[in-house]
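See the structures that follow.
You will see two complexes here that share chain A, one where it goes with chain B and one where it goes with chain C.
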Partner chain A sequence: MPAGRPGPAAQSARRPPPLLPLLLLCVLGAPRAGSGAHTAVISPQDPTLLIGSSLQATCSVHGDPSGATAEGLYWTLNGRRLAPELSRVLNASTLALALANLNGSRQQSGDNLVCHARDGSILAGSCLYVGLPPEKPFNISCWSKNMKDLTCRWTPGAHGETFLHTNYSLKYKLRWYGQDNTCEEYHTVGPHSCHIPKDLALFTPYEIWVEATNRLGSARSDVLTLDILDVVTTDPPPDVHVSRVGGLEDQLSVRWVSPPALKDFLFQAKYQIRYRVEDSVDWKVVDDVSNQTSCRLAGLKPGTVYFVQVRCNPFGIYGSKKAGIWSEWSHPTAASTPRSERPGPGGGACEPRGGEPSSGPVRRELKQFLGWLKKHAYCSNLSFRLYDQWRAWMQKSHKTRNQDEGILPSGRRGTTREFQTLSPGCEISRFILTGGCDPKHQPYCPGAGGVIPAIPGLVGPPPQGHPLQHPQDTETVEQLQTKGSLLWEVQQTPGQSATWWSVTPASGQSRG
Partner chain B sequence: MSRREGSLEDPQADSTISLLPHLEAKIRQTHSLARLLTKYAEQLLQEYVQHQGDPFGLPGFSPPRLPVAGLSAPAPGHAGLPAPERLRLDAAALTALPPLLEVVRRHQAELNPRAPRLLRRLEDAARQARALGAAVEAVLAALGTETRGPRPEPAAAAAAAAAATGAGVFPAKVLGLRVCGLYREWVSRTEGDLGQLVPSGPA
Partner chain C sequence: MDLRAGDSWGMLACLCAVLWHLPAVPALNRTGDPGPGPSIQKTYDLTRYLEHQLRSLAGTYLNYLGPPFNEPDFNPPRLGAETLPRATVNLDVWRSLNDKLRLTQNYEAYSHLLCYLRGLDRQAATAELRRSLAHFCTSLQGLLGSIAGVMAALGYPLPQPLPGAEPTRAPGPAHGDFLQKMDDFWLLKELQTWLWRSAKDFNRLKKKTQPPPAAVTLHLEAHGF
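The block that comes next holds the complex of A and B.
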């Protein structure tokens, strides 16, 4: 007989089947079942049992007494014939069945236990519901879209496998007053979710919980208390546009619009950008893009298609101290970086020292680099000032270049020179870039690129952790004149001067 | 009517020549609908047995053919009846089916709440049976045949069916199988009966 905590259905399952519906069939002149003149009744009808419990059932045949006999009857469960030793004849018209250690029901509509006549025809059936009572639902999380509604999601206890249909009901009420309400729109964002579309109060906490019920019992989750303002999310930023930044082959400009649904609400928005190369599944995330609606991605590969998405977190709505909830990502927007037009590597080494310093390749590359720098720089009206502390030999040959003769004394870093007066030679220089940087210019996205790619002919990055040294401290001008290649790294801070550092890997030291 | 059963010719009506194309079109259209619904009815039956569990759907499964109040299967002699009589029986059956399908749908909503496709198919079947029944009656009217004869009250038939399911879940499953089976039989029968009326050749 049924065991375990009784649910509502389990109690009703113990009632004997009503005779009236059977009579109704007889009155209507129904032809009999396939076996001829017999019908039967299985008891219990539709019992509910715990997994592992036992069942004692009977099949009692009605009809023509001369033909109604328990001999020859047999049982099937879900279409499979049960072993004869599980059955025994109780009397002339009744066959009993004993099942032990029942497994969970195979289908939610119930396992089909059927009593057959000798010829295989079906005399009667009963559906068994074998399972577990529900466990406590947990992990309730809720969010409000634009403060207009509330959607909640939860995890069913015991991973949801009770083998019985389990009904979940999300309940909510205002914390200090009000009646219990029941959510009505289920499965909106998955099988265990519910959506409350309206009539929600702000600035006052709600209590939210989930009740799980099946034939074997019920369970209730812990109560979640929240204020709608603390769980606000919004639509993804609309109108995300990704475009090239002129001819810059390693940058893309990303622009978007603040979600319009929240335009009337006081809040601070922070954004995240993620991007990936077209044929990659790995996204790079740019975090902490706060309260701006555009930025530049840098350090990208030339001639490459990138997919970009943006999402928004509307935290601090009406002074809420809690972090908001990130919106969904915007639809991917794609753009490609221009192909690199620079010639490949293979030249530009400084000429060896010991004679008239060679100027041609280095001068050309330096010019190229500085032209590139001017083109790429954050500040469009940048002017170059060339700080040549170590161009002693140049000062001899170009009167107008440096105001100071020879190596400048320590502590005094010398004057700056215009780009146009760049001297030939493989010198190591420190460039100070000044000028009125227009703050309206699109900033770089935080952490997105920042190292200018090496100039063709120049080799790449300095050794890791290599200290920057002031050349004046340790070396003479002659030592600084060396062959090798140069890498330029820029650090830019909006509104402030930028400093460029040059490195000569051939000398093994970096210069600042 | 001419001797040829199912003929659309009416030599007494001079205006019939102008009506015939419309009637023919109506018959073709209803026949196409019946053919489509036969396919849907087969899908419904397969979906239904799938959700009841074995032995439903197993080869050789032969439950008691419980009678359904107000509706029986097409009689063996159905095909030999005159066309209007066949269509009249088709229409009567199609009219009786929707409330029975609704009873089955309500019961399956309790038994199989996580089977939305099954529930939707049952709901659609009720609507489609109603539509096909109305279309057949329209053809009968166009043929000048009345849809005569006593019909059981649909509400009473449904109530009887619902009461029968109170005997237990297994009988309710069997009844649902019976109703879905009857639906398939009658829609298929209607397709066949209309097919005999459709003139040969392109529409």
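The block that comes next holds the complex of A and C.
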């Protein structure tokens, strides 16, 4: 009996057997097939073929000569009987088969070509591997969670459909140090991914590529060169909490914790928040969250459930100016804004034109501002009464205002408008129109579409076209009015660093 | 292809020797313990669970092997699987098994089967299939432990590997891929048969260790049930 020919490379692990055990096996291994069945051999055994090629195969029966005949034998491929015209009897004990234009294998374990006896019993089988050689993998992307490991992902060429099992191997080496390494932990983040857990070096670039191999050949991707420090990311921020802001019906407060990895490494983080309404798919993104771990979303609809996510980007790694890679978004956290107290349309609470700011949101907003001032700026004397005085003052015409030496003398003239309170140590020194959001002192983050009703009186409209000075930002009034955000500065003591409070007027709403 | 006695089993038999050295489960603390009943019940439940798990695993695996292996009435020659422990047994013989023999046969069978399962040379299978196989092996290991627990509770020694029973036979002539597929088929079939049988084995054991509910029966009879 012919010994089966050595299988493909994948099975080269089987060593050729020593002679004595082989003889032993020959004795022990007398065919013990079912009653009356003969044995047979299909040739070729387990061939590998290109799609579209042809195959000539034979089924040779041996064993009991009186019963063993090629008559009555037939072929099946994957359980389906093959047409008789594809077979022909070569001699008394051999049936031949000719297949042309083969399709790709139905399953990666190989097509099952079987030679049957007349009664249907299986005499022999052979697995056909029909497919294509792999194409070049591409689109390799890598990231490191802690500068000690590296995870990479790639896309297989030709969408991976080779009909044969294709083995992917991620290789890497330091650019100037020559030795190839192979990644061992596969399928960590999807079918075409690999994780290198340790022994990585910094400051020298790595060359990374993917090799795809199957029975028909191999292909290698382009080499990706990267520096570990350039592809750092973190886990998303844990413990994201979203809560209401007192009774404010259009705001939610988001708090999170910086990812623990940041403590270990010398980088800062910048964050991004995105939020959406429960039954919408459009996310709004808040971008300038910088280094804080809390932010207030404003301009939301009352009585609505919002989903919020936060993600993190480490930057300034070891002093570099480059940003890393954004983390995944945190798990969505939900919270709902309080229901609107006033009947009528929700969303974008509008102030009645030129009316008293005694309506809910503005008053609440102001109350909050004053409360905040009291807490952070020791402006204990500020009160609604004072506010009303300002408002009254604001509603005077420009001319009279500038000439007024009354309750609120304006100090320095010129390009900024300033007010003073009567409370020593607490000076609302200037309000300045600016487009920015000071990261350190900003409890509000003007989000896309954030709408907070303006507080008339405190932020009255400055003259048109009047340029304003600001230590950080200089813009003309027209520009800022279209951008629509206002800041005012509170100096606790003259000359000390200021804290800023911002308000964004509703678009189209009349101010003051 | 040569339909001789499968040599792949021989190659794996040496690996089976390792499995025999499973750590013996320490005997249950006899003082005030509820007896072997709960662990017999647990073993019974495990066989049912494994049977369920195997159904899904076998379905996926046979689809991977491709037709005709996944056809319902597929019945290839059973050549390579001679060394597989057979669940099939004569009814009278089965009924007359004493507890120790019953448990021993179960234990030995699953030790073998687990060994062969672990040796399934399916490098080419999908990662998901390999994971399912690994998961099933772990569950099977749990069943073995459970049977060992019952044996210990009843005071029976765990079966030791027979000396010379697992010779390290060298791998024979190249075992064709189709033959390998048939071996895999029979392994899964035998596993299935054993799990069916074990459920009945442990059910029988369960009844033997329970007090007969005679009073209840009388009560029911009085009500004409």
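Worth pointing out:
Everything that follows uses one rule, which is that the second predicted complex is superposed on the first by the 302 of 512 C-alpha atoms of A that agree within 3 Å, B and C clash if a C-alpha of one lies under 4 Å from a C-alpha of the other, contacts with A are read in each partner's own complex, and residues count from 1 in each chain.
Methods note: contacts are C-beta pairs under 8 Å (C-beta built on N, C-alpha and C of every residue); 3 or more make two chains touch, one makes a residue touch a chain.
This structure is a prediction, so every number in the text was calculated from the model and none was measured.
In the superposed model, A:Ala40 makes contact with chain C only, not with chain B. Touching more residues of chain A than its counterpart among chain B and chain C is C. With both structures placed on the common chain, the touch criterion links A:Tyr186 to chain C but leaves chain B unconnected.
Contacts of A:Ile140 after superposition on the shared chain: neither chain B nor chain C is touched.
By the touch criterion defined above, A:Ser121 lies against chain B and chain C together after alignment on the C-alpha atoms of chain A. Shared-chain residue A:Asn112: touches chain B and chain C both.
When both complexes are overlaid on chain A, the residue A:Thr76 reaches chain B and chain C alike.
Shared-chain residue A:His165: touches chain B and chain C both.
In the three-chain superposition model, chain A touches both chain B and chain C at residues 17-18, 21-22, 25, 28-34, 39, 42, 45-46, 76, 78-80, 106-114, 121-122, 124-127, 165. Only residues 1-5, 7, 10, 63-69, 71, 76-79, 82, 123-127, 169-179, 181-182 of chain C touch chain A when the two sit together in their complex.
On chain B, the positions that touch chain A within their shared complex are 51-56, 58, 61-67, 69, 111-114, 160, 163-171, 173-174.
If you check the complex, the residues on chain A that touch chain B are 17-18, 20-22, 24-25, 28-34, 39, 42, 45-46, 76, 78-80, 106-114, 120-122, 124-127, 165, 167. Put simply, chain A touches chain C in their complex at residues 1-7, 10-11, 14-15, 17-18, 21-22, 25, 28-34, 37, 39-42, 45-46, 76, 78-80, 106-114, 121-127, 165, 186-187, 191.
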